[in-house]
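The same subunit A turns up in both complexes below, where it pairs with subunit B and then with subunit C.
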Partner chain A sequence: MTAAAELLDRLSTVRGIRGSVLVSAGDGLIVAESLMTGVDGRAVAALAASLVSRLRRATESAGRREPVFLQLHAAGGTVLAAPCGTELVLVAVAGPDANVGLARLEMLGVAGRLT
Partner chain B sequence: MSDDIRGMTAELAADPDSLVFLELGEALRRRGQPDAAFKVARTGLTRYPELARAHDLCARILCDRGERDRAFDAWVKALELDPGLVSAHKGLGFLYYQAGDLASAERHLAYAGQADPGDAGTAAALERVRAGRQPVPPSAPGPVAASGPPASAPVAPVAPVPESEAGPEPLAATAGLPFSFEEASASPVQDAVFAGLDGGTDGLLLVDSAGLRLGGGLRNPEGADVADSVAALLAGVSKEAARTARLLGLGEWGGLAVECGDGNLFLSTPTESTLLLTVRGLDIPMARVARFAERASLAARDWLERNE
Partner chain C sequence: MRAVEPWVMEPLERFLGESSARLTLLMTSSGQVVAQHGFTRSVDVMTAAALGAAIVASTQEIARLVGEPKFLSMVHQGLSQHVFLSGFETPRGRWIGLVVFDGESTVGLVQLFFDRLVAELAAAAPREAPSERVLPENFERELNASLRALFGR
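Entry: the complex of A and B
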């Protein structure tokens, strides 16, 4: 198992996390994954990478620094993403019962190690 | 072709309704391709004839091409649609100065300087105009705020017209501007939407689904007005957020929290057809930003209902 996969597995132990993927920011392809059954990793990767890319442009236009963490809240859960430098994005899908605060801390820690 | 231009061209081809034409046109203009830029701007203008920034883009390109009368008309139209559009004020100030109408130039440059106090080029131009000096023309009209510093925008060099030769005669199309300078500076809409909320004119930005500003305002950390350029990009962010939530089976999205290295941003949806961006510094925790955004959403919803 790669170091990245081990980090993702650890992240997936946080309550409510359904899975996590490490994504190539440029093309939205999966680099490593740890997913529960029923979570479409390729869709998560592609959609999250695209969203992060658009947000980078918006924050740049606002004169702000790069996004370091984002949470997309929806009725059925939350998508969490932490860019790891400019090349990679760490993404997690969480259910409505997730401990988002803990997941955020874990993700920022993982992102720091992967940057 | 740079990667940026290639990317924006592809984005526009995939979605002809995208407001990315504003950035693409400006990028082409800055690369010294005014004809290609004008084609992009004209096409965008046919889709968004009521978008002030599209007229502003056309004006800048026309100015580059030396078509100053047409540029003047385009900037006047831009100000009819958005009396507070700073770049159009700069552009008209520039043209009036070129024509020797220093009083009109001063009015527009004074507004631009007031709205964008950090723009040293405008301040210097205003000083020149007020002093009635001739040798140094004011800085060229700047690009949209997202695209770079206005002072560096290339505009076809035109020798300044000495007042003694040109006299006070304005350009042919300058007979009266169709807006009130004083009304423009009041920004009554910005004040009204978020009345009573902290950040009503900076840090709260209400946008429609087409990426057009409905109210509020936003400045970057240097103090420049970035509301319109950010508004244009938010429409794309919103569509991507909705698509992500839907395709991952999470249902409708309700909010997007973004932590940057120097601030916290929260994007919410007061109504189905509007977006609200709340921006605060890092000293305000994200959970509080989200709560504040809720209150601002309610205010925006009330304002929208009252004005329907």
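Entry: the complex of A and C
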């Protein structure tokens, strides 16, 4: 197992996390994944990378520094994303029962190790 | 956007909106254009169609050499613009999609929404038999009709 896959597996042990993917920021393709059945990792990867790229441009246009964390609440759960430098984005899909605070901490830790 | 086959319009429109592609061509495996978006000159669309079909045919041979039944898609990466090519089955036979995209999109997004386009085309295709084969005596008339449909002139 690669180091990235090990980090994703550790993240998946956080309560309520349905899966996580490490995405190539430039092309929206999966680099490593740890997903439960039913989570479309390819779609999550492509859409989250696009979102982070647009958010990056928006913060840049607003004269702010790069975003460090993105949290999207939906009716059925949450999508979390943490850019790892300019090359990678770490994305996690969480259910409504997730411990989002702990997931955020873990993700920032993983992002720091991958940067 | 223009299409020779009107039922292609809706799925293609959705694909264009979601993928942010700059140029898109749908063609038969022999390079006959079915729909196009973004091209302004007929000579460009015909050239792109012929080259796209040729590239897919060439890679089919490479697939055969390496023992792969077929390649599902390929991406030509440029500095600022990229080309995505994919052959797929439809109820009207094998078609090819050629998509040009830039920094507004990514290969992941194009691939994701292209797969949805393929599924939507399969669902939207009329069930009746495809139109008759183009005979040599009708070729020019058919070609002109296609160009009118694709460029509105």
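Everything that follows uses one rule, which is that the second predicted complex is superposed on the first by the 115 of 115 C-alpha atoms of A that agree within 3 Å, B and C clash if a C-alpha of one lies under 4 Å from a C-alpha of the other, contacts with A are read in each partner's own complex, and residues count from 1 in each chain.
One rule holds for everything that comes next: contacts are C-beta pairs under 8 Å (C-beta built on N, C-alpha and C of every residue); 3 or more make two chains touch, one makes a residue touch a chain.
The shown structure was predicted, so the numbers you read here are calculated from the model rather than taken from an experiment.
Participant: Identify which of subunit B and subunit C touches the larger number of residues of subunit A.
Facilitator: Partner with more touched residues of subunit A: B.
Participant: Is A:Glu66 touching the first partner subunit B, the second partner subunit C, both, or neither of them?
Facilitator: first
Participant: Does the superposition put A:Ala75 against subunit B (first), subunit C (second), both, or neither?
Facilitator: Once the two structures are laid over each other on A, A:Ala75 reaches subunit B alone.
Participant: Based on the superposed arrangement, let me know which partner A:Leu29 touches: subunit B (first), subunit C (second), both, or neither?
Facilitator: Touch status of A:Leu29: second partner only.
Participant: Give one of first, second, both or neither to describe whether A:Ala43 is in contact with subunit B, with subunit C, with both, or with none.
Facilitator: both
Participant: Let me test your reading of the model: by the given contact rule, A:Leu55 touches which partner, first (subunit B), second (subunit C), both or neither?
Facilitator: Only subunit B is touched by A:Leu55; subunit C is not.
Participant: Between subunit B and subunit C, whom does A:Asp9 touch in the aligned arrangement: first, second, both, or neither?
Facilitator: The answer is neither, since A:Asp9 touches no partner chain.
Participant: Could you tell me which stretches of subunit A are touched by subunit B in one complex and by subunit C in the other?
Facilitator: 43, 47, 50.
Participant: What residues of subunit A sit close enough to touch subunit B in their complex?
Facilitator: Touching subunit B from subunit A are residues 39-40, 43-44, 47-48, 50-51, 54-55, 57-79, 93.
Participant: Flag every residue of subunit C that touches subunit A in the complex, lowest number first.
Facilitator: So the residues of subunit C in touch with subunit A come to 105-109, 111-112.
Participant: With touch defined as at the start, can you tell me which subunit A residues reach subunit C in the complex?
Facilitator: 23-24, 26-29, 42-43, 45-47, 49-50, 53
Participant: Looking at the complex, which residues from subunit B come into contact with subunit A?
Facilitator: Subunit B reaches subunit A through residues 145-146, 218, 220-222, 224, 226, 229-230, 233-234, 236-237, 240-241, 243-245, 247-263, 265, 279.
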